[in-house]
Every structure is written in C-alpha cells, then in structure tokens.
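Naming follows writing order (A, B, C, D, E and F), and every chain is counted from residue 1.
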Amino acid sequence: MGDNIMRPAGRSAQQMRPLKLTRNYTKYAEGSVLVELGYTKVLCNATVEEGVPRFLRSHRQGWVNAEYGMLPRSTHIRITREASRGKQSGRTMEIQRLIARSLRAAVDLRKMGEFTITLDCDVIQADGGTRTASITGACVALADCLNYLVVRGKIKDNPMKCMVGAVSVGVVHGQVVCDLEYSEDSIAETDMNIVMMEDGRIIELQGTAEGDPFSQEQLIQLLAIARSSLKEIVQAQKAALEN
Amino acid sequence: MGDNIMRPAGRSAQQMRPLKLTRNYTKYAEGSVLVELGYTKVLCNATVEEGVPRFLRSHRQGWVNAEYGMLPRSTHIRITREASRGKQSGRTMEIQRLIARSLRAAVDLRKMGEFTITLDCDVIQADGGTRTASITGACVALADCLNYLVVRGKIKDNPMKCMVGAVSVGVVHGQVVCDLEYSEDSIAETDMNIVMMEDGRIIELQGTAEGDPFSQEQLIQLLAIARSSLKEIVQAQKAALEN
Amino acid sequence: MGDNIMRPAGRSAQQMRPLKLTRNYTKYAEGSVLVELGYTKVLCNATVEEGVPRFLRSHRQGWVNAEYGMLPRSTHIRITREASRGKQSGRTMEIQRLIARSLRAAVDLRKMGEFTITLDCDVIQADGGTRTASITGACVALADCLNYLVVRGKIKDNPMKCMVGAVSVGVVHGQVVCDLEYSEDSIAETDMNIVMMEDGRIIELQGTAEGDPFSQEQLIQLLAIARSSLKEIVQAQKAALEN
Amino acid sequence: MGDNIMRPAGRSAQQMRPLKLTRNYTKYAEGSVLVELGYTKVLCNATVEEGVPRFLRSHRQGWVNAEYGMLPRSTHIRITREASRGKQSGRTMEIQRLIARSLRAAVDLRKMGEFTITLDCDVIQADGGTRTASITGACVALADCLNYLVVRGKIKDNPMKCMVGAVSVGVVHGQVVCDLEYSEDSIAETDMNIVMMEDGRIIELQGTAEGDPFSQEQLIQLLAIARSSLKEIVQAQKAALEN
Amino acid sequence: MGDNIMRPAGRSAQQMRPLKLTRNYTKYAEGSVLVELGYTKVLCNATVEEGVPRFLRSHRQGWVNAEYGMLPRSTHIRITREASRGKQSGRTMEIQRLIARSLRAAVDLRKMGEFTITLDCDVIQADGGTRTASITGACVALADCLNYLVVRGKIKDNPMKCMVGAVSVGVVHGQVVCDLEYSEDSIAETDMNIVMMEDGRIIELQGTAEGDPFSQEQLIQLLAIARSSLKEIVQAQKAALEN
Amino acid sequence: MGDNIMRPAGRSAQQMRPLKLTRNYTKYAEGSVLVELGYTKVLCNATVEEGVPRFLRSHRQGWVNAEYGMLPRSTHIRITREASRGKQSGRTMEIQRLIARSLRAAVDLRKMGEFTITLDCDVIQADGGTRTASITGACVALADCLNYLVVRGKIKDNPMKCMVGAVSVGVVHGQVVCDLEYSEDSIAETDMNIVMMEDGRIIELQGTAEGDPFSQEQLIQLLAIARSSLKEIVQAQKAALEN
C-alpha cells in the first residue's frame, strides 16, 4: 500500500478537499446551505411543512425527507434532465433515501412535533462526493430549520441530537484515501460512503468493491481515515452554525 | 396613470432591478452564466453536442434548444420536484419553448455547423422575471459557447447575429412599469414578456391581461419602457462578454 | 409591403376565411359548437361540473378551464396520439393554457357560483389557426353553458361580460395579412395570435418572429388588421347565439 | 322471452338503428369515414405509411393497426382525457386491439406490400356500440385507403378479401335484441360483440354475461340476429363505396 | 376435420393436459392456489381488504378485482418487465379485466359485505392457456378467501354462487381441440376462451379467428368440447377444496 | 449483549434459517433457481442475450444485469403491483442495482464474450432477507447460465471467478445475529447486508442504523457472524451445482 503515490492536487491520503459551508444561501428556505467540497457544490435547502406522511398519522411525531437532483450540466458531459425524461434514476432514488435516513438519525423525531422537513439537495457542480457533501450540508440546513421552529415557538426544545457528517473513502491504486474526487472515484478499487455521528459511531456504511473485493483489514483502515475526516467536518458544521 | 405610486424598494416605473451577469460560473459547461436580477437568480449553462435532431438531418444546419427548471425551494412555498412528479408542467414547457425560440433568433443556424447547443436555465431563486432573465443570461452563455467552437476551429465564423435580451413589463395599479418583481407580478393587470434584438425589433411578444384587458395605447407605452430597459440589458451583456 | 401579392384562394390581405359556427353539434355537452374557419374544424364542448379546483376552495367563485387536442389525422401527416404516447406535448399545453386564460377574461368568475366549466377543443381538421378558432368557438359554447346554468336557476345572472374572439395575423412575404392558413403559417416571417374583447381591447397577444424580427410599425398594422377581423368574428358569434 | 317488450324509440328486437356512412369526411386522410349509428358517431380515418413494425421486417407483408379514443364529452358525463391522464385505459386498449384484429382479417396482408395502415377511430358522440360502429366504418376507410394505393400504383391488386362488419347484440329483459343503444347496454344481461365476414363466418366473438350467464340456445339466437344485421351493414358499406 | 392428426404429447382432441391445484401455496394470502396445467403454472393469490372502490360507495355490496402479470422469463424468450417499462400492455389489461369479470359472476356481490377481494394471477411458467388457468385457479383461491371471511364471522353466508372454470379451445389444422398448448396456440386458425358456470351456461366467450373465420357449426363443436373439459375442471376444483 | 435472548423459532444468534436451492425450477430460462431461506422464497432466472448495452459497445466484454420484483401478495399486507402503478420504487431500484453489482464481481466480464445475462429475482414469499437470498440464488442461476454458454461453445472458458453469497446480519435487542427474519428485521437497531466472495473478502457492505448507531466493535462482530454464515451458503451453492 503505497503512501507515496501522488493524489490529484497533491493531497495526502488523509487530506480532505477544502470544505466550505455558506448558510442563508437562498432567501426563502427555512434552512439554506451551499456546501462546497473542492469543486463539488451542492445547494441544500430545508423546507418545513405542517403535517406528516399518511403512514405516520396519529403517531405524534415528525418526519425528515430528502430529495436529490443534479443540474443537467453539473457534470463533464450533460446528463438528461430527469424532469424531461419523466423519471428519476435508480441512482437518484438510492441517494435521496440515503440522505433522508442519515438525517433522521440526527433528530429525535418524537420531539419534533407533527412537521415534515424536506431537504432538497441539488448539485450545481459535481466532482465526486456529492452524496456525502449533501448529507454534510443538509445537516446544517436542518439545524437552521429546526431552530426556525424553536424560535417561532412551534416546538419547545430543539430535537437535534447531534451533528451528522458524511465522507467518501476508498482504495485507489491499493492506497486507502479519503474524500475521493471524480478522477479517483472512477478508478477506485473500493468506494465507501460513511455517515457518522459526532462521536464516531456509524449511521450508514455503504461500501462497494468496484474492482477487487476488500478485506476486513482494509475496512478498518477506511473507517479510521473516515473518522479523522469526520472530526474536521463536524468542526466545520459547528463553526458555520456559530457564525 | 399615476407615476407617483411607490414601487417596492422605491424603484421608479422605468427602473430595472440591478442586473448582474457572472460568466464561467460552473466549470464544465461550454458557456456558464449566473444571471441575477434583483433577488431572481438563474444559472444558464450552454452545452454543445455534435449532431442535430432527427427532423434536421441532412439540412446542413445547427440547432439551439433550451430546458428550464426551478429548484423546488426557489420560491416562497416549496414546489414539487418535476423529476419526482414524473412530468414537466405546462408552464415549464411553455417557458423553455420561449427561451429556445428567442435564442434561435440570435444565431444564423445555417452557419453553425451540425451542432446542437442546449441551454439549461435553472432557477436558483425566483422573484419574478425568471423567463426573461433566463433569456438574457442564456444569450451570454450561448455567445461563450459559440466562441468555444470558433476558437477550437469547429466552425469558421461566429454565427451570432446579435445580442438578444428580454424584459418583463406590465401594468400595475394602472401604471406601466418595467421588470416586475414577484409582489408586482402577482397583482398586475397586464403582464408582458418582450424579447428584443439589439436594434429594438421584436422577436417575441407575450402579453396577458390577467385583470383588465389593455388598450393599444398601453401596449405602445409598454413597448417604449421595454425598449429602454433593453438598452441597459444589452449593455450589460456586452460588458460581461468583454471582461 | 406588397398588397398585390396573391394569397391562397385569392383572398385579400384583410380577408378572413369563411367562418361558420354550428351550435348543439353534439347532444350531451352543456354547450357544443363546431367552429369552421375555412378547412379548419374544431369541436368545442363545454362541460359544467359542481365544485372548483382545490386552490379555489372557499374563494366563493367559479372557474373556467380548457383542454385541447388534435385528432391524429387532423393534419397532412398523421401525428402520434398523445394518449398513446403517454403525455401531452408542450405545444398542446401552451395552447390549452391560452384558451383557458382567454375565456376566463370573458366571465366574471365571482358571479359564476362554485362551478367549473371545462372547454374541450378537439381539432377535427387543421389548416392553420386552430388555437384562435378554438377560442372563438369555445366562447359561444361557454355562453350556451352559462345560459344552461341560468335557465336551470343554478346562477342568478349571466356572468358573461362580453364576447371574446381570437384571430391569427402575420407577416407573409413582407405583407401583413389576417387569418393565416397552414400554407401561409409555415412560411410566415411573423406569426401572431391576438385575443380581443368586443371593444377591441386586448386580452392576449402572442407574437413570434419565426423569420425576421418585427418592428413596432408592423405590430400596429397587425393590430389594426386583427381588430377589423375581430368585428366580423364577434358578429358571427352573436348571430350564432341568436339563432 | 318477450318479443312484445318495447325497445327505446320503438325499435323491434331485430331492428338496427339508422346507419349512415359518410366518406371523405376529412380531407387529409387516405380514407376518412364518419359512421353514424343512431346517435353514435365515430370518425374513422385511415393513414398509410411506408414500412412495417419491427417484428415484421423482412416478412414481405403489410400491417393494419388501429387506435381508438373517445372525445372527453362524447358521453353523458365528461370522461377524463386520456392524453392528460397520461395513459390509455384497459377498455381503450381492448377495443383498439379488437378493431385491428378484425380489419386484418379483411385483408390479405401478404399482397399488401410493406405498408402500414393505421385506423384512427375517434368517438364524437357515444350512445352504445362504438366499438362495432368503429369496425364497420373503419372497414370502409380501409377500402378507400387500399384503393388509394392501387390507383397510385403502389400495390398491384387490391388485397381486400371482403367487407367486414360488426354489430353488438345482447339479451335485455330476457329478450334477444340487436344493436343495443346505451340505455339498453347498461342493463343488458348479456352483451355480445360480433364481427363477421360478408358470408356470415365469424371473425371475432366477444360475449359477456354482465348479469345472468347465457345458454347455448341464446347464443344461437344472438348469432342469428347478428347475421341478419350484418347483411344490412355490408349492404350499407357497399352502397357507400359505390357512390 | 381430421381427428387423426397427432397433437403434441399424443393428446386426443378432447383431452386436457393434467390439471393440478395446490392450495395454501404461499402463507400470507387469504387464498393462495398454484394452478398447473401441463407446463403452464400460475400462482393465484386472493387478498381481502375492507372497503370498496369509490364508484361503489354506499351501494352496500362487495367487489372482486383481478391483476395479471407474467414473470419476465415465464416464456421462451424473456419479455420486458412491465414494472420497469412503466406500463402494462394492452394484453395484460385485457386479461385482468376478463379474469375479474369472470369471477364476479361466481359471487353474489350483494351478500359479500363491503369488502374488496383482489386476485393476483402471476404466471410462473407459460405454455398456453395462462388466462383460462388463471380463472380456474383464482376461483379456488376466491372460495378459500370467502371462507376465511365466513369463518371469522365477517360475513354470514358464503356468497359464492358456484364454481367458475375456464378453458381454451380452438381449431388447429382444421380440427377442433381443447386446452391448446403454446405450440398449438401459435398456429391455431381459431382461438377461443370460454368461461362457464358449473351448469354449462356461459359467462364469457372470446373467440378470435387468427387465420380463417369460423362457422357456426365449428362454434358449436368448440362449445361442446369446452363443456366436456369444464366438467373435469370443476371436478378438480371441488376435489381441491375438499382436501 | 445478551446471547441468551430467544430468537424466533429458537434459533441461536449465529444460526441461519434452512437454506434450500432448487435448480431448473422453470424450464425456459438458461439458469433457474428457487432459493428458499426459511419462509423467504425467491425465484432467480438467468436469461442470456446476444449483445451488450450501448455504453459497452466495442469494449469486447460481457455484462450482467439484474431486476427484482415482489409479487403483490408475497408480504403480510398486499403491496401495489409496480407494473400497474407505473413505476418501480426506490427500494426496488436500490436492490436490483445491488444484486447486479454483486454478481458482476463474480465474473470476469472480459472473458464472457459480448453477451448480456439478466438475472430476474422475483419474490414469491417474503420473510426478511429477500435481497441477500436473491444474490445467493442468482449466483447459482448465473453459474448454470454461463455453463450453458460453455457447453454450446459460445464461450471457451467459464468466466466465473468464484461463488458469491450474501447474508443479512444485524443488531437486535443489543445482540448481534445473522439472517434476520421479518419479525427481527422490523425491530433491529442495525441492519446490514453483506456480500462476500468465497474467501471472505467483501464485495458489498450496506449497514444502516435504523435505531441506534453502531460502533466499530459491533461492526467487527457483524462481519464475523456474516463470514461464518457465508461458509454455509457457499457450501450449499456448491452442493446444489454438483447435483
């Protein structure tokens, strides 16, 4: 495992791309965060609406949902607009389900009141890691949105349990690295998305051996590098929320 | 017709909102312009692809197409994502047809080679005038995209005939005003979108009497105010392209 | 502007094709009008239903809606049936929105009671001007339908404000002409659909420069010729209603 | 089985409604027939196109297809437009498959050349028997369309084998009757659609016991009454073609 | 009509393939029957739900519905999965409507209470006769499902009027045969599906002359052979229910 | 972590449900396996077709695809048929993508020739673990299908690299258990699907903390229990293939 292999832009294996979180990016949403991770840019808007989906009626709890989309030219080659094609791809559905599950883990839904918060994660520019950046940014938008409800007296206590961040890690040329950009992602032997709580416990783990299968040893290295990135991510989330 | 009625933000009847055109807003598109008109923000990306639609095969010409979308929370109240609903609304289709027709008027398609340029206009934030802002911004993105083709030797001469700009005008409380923002748009007696060439000739004219019908006299006033706004718009387009 | 250029069928520039309005064309609809404009034939059926769309509940008003369709072989070349293709084209949506807006302008919705009237405009044979003929015919069907409600005591006073007619005008070979048939429409430099009230005030104005842009001078000529046609149209509508 | 029960409009059990076939009803289709059966009115347009569906390529034969639709207000109560609902109903699909199979039986496809003829049957007004009227009318439109090909030298000999007609028969109040109108159809114990060749042999037989099951004896009575109606129908078809 | 022509597997003209009905095939459905007819295998599951479709509200009766599907590789050549194609074929719709109508004839809906029973007929392996096998199997599943309601006291008396069975018959090489397998079905001159009550009366009759039209004489032979098969079918249904 | 908590049916934490693999379950598919895992039953059919998807043309390799579906009444409560709803759910898409990726890892696509193998996994009865059972069964069907190609001389050497098996593991009441059945799955704190090669290396890892997040320590326990189950699974796959 060659630590000396050069990554794009000269990053070291455990070095994330610059992460920037801009709150109040648009003016209507109850939480609006532009997350930038290197060249990857995702706009995460939180919308709160009264009521919950049908299957939760009379459960006296709230709900958190997510939708994900890519602008047609957020990528090197233009992708067909899902709205004109008439359906969302399997990849899109998979990602928005992941984002929603991850953020529900951050909230005590029973203390949230009968509100539904929808997190729209729209990719402006994609250079790898859009789903993990979406989770990281949406968590801040969610915090703002919940605070909006508290400030207006709609819910008593903030039901946010903790920050939730996500990072992609992988094995590239046999080397365990964090925060893969597109040029790495497309050649990675293993590609793994990890969603963690502040304390390092795992919410979601999705690893795929695109090339060679991976061993338990490699998995533990991947988790270690993810845990270290997560610290930076949570720090950035908290710093953004304090501004 | 009371010129002394106060418009939002203290604008005069013939005063446009600040217009800002940012080129190269994203890095993959062959033309990428963020257009801001007051709080309205639209990202206009131009993509060039080889070949033309089937109905133009063997016509030895190019084609310009457009797609339009609104991010779900670009508006006060979240709108359903068209991709998840499985179809585009009539309004969306109407707008993207308007954008495409307007921009085809700016280009000599016969000198463009067998390329198709698609203009994706995605509304980040909507405060009235998204379709006209889209045309104004997309025209600059189209210019960049055509220049990209010329620079790479794909086409010999730039087939752009002139700048094309668009503005919304209307009758609000009996007063003819230009560049309506959302709070004006929603109460306007007449709402009109005008697309013009640099020289003031008209490409598209779409006027709707939402409240009272309008007279020919009012139409001429509306055209006059549009023509004056158009001068500013073309100036801004040219200034942006010179940077 | 060459007035001496021959139009198809020897019409003069300001001469409309023969217009025929046949009421009670089918027997179930509350208003049923076949409109024939030269070879263009559109069946306009008005249906009244109790209740209004969700967004109007508790507004104590009525609503007027429209749908438009072309029979697959109403045209020279068979077009795909939209029902089998699974969606309506952008053109269809654009037209039915135009028809609906135009007819809503003819009615005082607040005096209409909580009824929804749907105008189905189905093109039996198309030779240019189907959308304007639809509006002209649907207005008569709407009048019959409102009268049906008055006669049955469902509403007290007839809420129809005035007749609304529509005509297409354009610039063909540099000449301003009215009521374009298909062979003219397909080569027109400018194509404009105008919807007017009886008194000549404008409800909708949709002009497109397919070839060359048009000047304000031409616009005024187009309006003049439209206004003159409108007189004939309203006369025909009134004559039909008096039979 | 009471022959003395009065049918609507005083018809006898074996009496069809007046049948009228108007050829060249629209001007573009290669065959265009308006069929009127009492109040039921269906426009049957035949379109010929070069080529055959993929599954027939290199089979050196032709194909006959059919599509069926009802105008939204062809019925007592407005039905949703299938184009706007985004799909055709099971009933629609069932009917258009029946029409197509029936008409393919009228033609020697191997002598037809590689052409596809599509029969569009659009119901203008429905009062029972729309599917059988469609077959009866479409057969005449098909004959015109095949003749069009022969006259233009596209095919040598007319591949039409014979006329094909269809009639609905049924058991109403225990009485076997032919050509049910809507008020009978909706209460019939048995409803049967029969498609026959000129010589009385059967192409399609679709019988449904909506209320009570039917016996073989009743079936034979139903066939007898159908056969007698068919004679009238074929006579009318031939008379129409001779004009 | 050559009775001496050999059928596949040496069957005689009036000999059905072995019929096997396995009850309780899956464990959740209120009625679950695997029907095997030679190589044709269909799983028929009955589901009971409270309430009835909207159009029956306040009619104080029950409803029976059916859905039909083929597993993609139930056939020689894989067929596209309808779920991924986004719509059901016309054939599927036609079949599920036939199954539903046939089974509604077996039940006194007015004595069934406000329940809806859905019969899902899913073809595991297809070798001809899947729609008739579905009806035969679904009838047993329906009986189990109704019994389930009686046993639990949800309805007082079993509303089943009688067994309903179905068989396909046809003319192959001029010979009238019953229970066509795929290799016969694909070359049959006439193909007929007959649904009968125990007493031989007919519920549904759908005959199609794929090749040559058929005469009344042939129809009577087809009915005779169907009636004889039906006796075996009902016997098998009753035997299965007695186990 | 209480090893003494009783699991349903008295299973121990590391005890799988009985696994049964039946080959040649249907007669048309090139590989057809019914996999039964306790009450969970999935039919896995492999279909081979010539050619590859468009994006692989001229790559001189093969492709493996998968589709997944649940029969409507494979579950306690009937689920809507995706074919009639008109689209596949996000869950379905996610699962079929997982199955396909997992099985592609079992094959050297470059040695497979330009064939596409589609694995249809249709759930007959669901009691938890349908996606992992699908992978386990589909791997055997894939082996049969590849052998079919080798035997017919379509490909020279069998491109199967090794068996691939899958198992679900989880944390239930704080205890790490393998092969969750539905009653456990629905209350699990953590639910993890693991796809492994014969040698224990990981192909896919998808862990979700439905309730509490999980620690690295728990993850290692989950992997251990999965690895032990995998041995049994591969043994069963090999035994099935040897019969």
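Here is the rule we use: a contact is a pair of C-beta atoms (placed from the backbone, for glycine too) under 8 Å apart; a residue touches a chain by one contact, two chains touch by 3 or more.
Small disclaimer: the values here were computed from a predicted structure and weren't measured.
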If a chain touches subunit C and subunit D alike, it appears here: none
Chain separated most widely from subunit D, comparing mean CA positions: A
Superposition of subunit B upon subunit D: rotation angle, C-alpha, nearest 5 degrees: 120
Approximate Å spacing (C-alpha centroids) for the pair subunit E, subunit F: 33
Between subunit D and subunit A, distance of the C-alpha-averaged centres to the nearest whole Å: 59
Centre-to-centre distance between subunit E and subunit D (centres being mean Cα positions), rounded to whole Å: 27
Intercentroid distance (Cα basis), subunit F paired with subunit B, Å: 51
Where subunit D touches two or more other chains at once, by residue number: 86-87
Subunit D contact footprint on subunit E (complex, rising order): 87, 89-91, 93-94, 96-97, 101, 105, 192, 196-197, 200-209, 212-216, 219-220, 223
Residue numbers on subunit D that touch subunit C, as the complex places them: 26-29, 32, 39, 41, 43, 45, 47, 49, 67, 69, 71-76, 78, 81-84, 86-88, 92, 118, 120, 122, 124-125
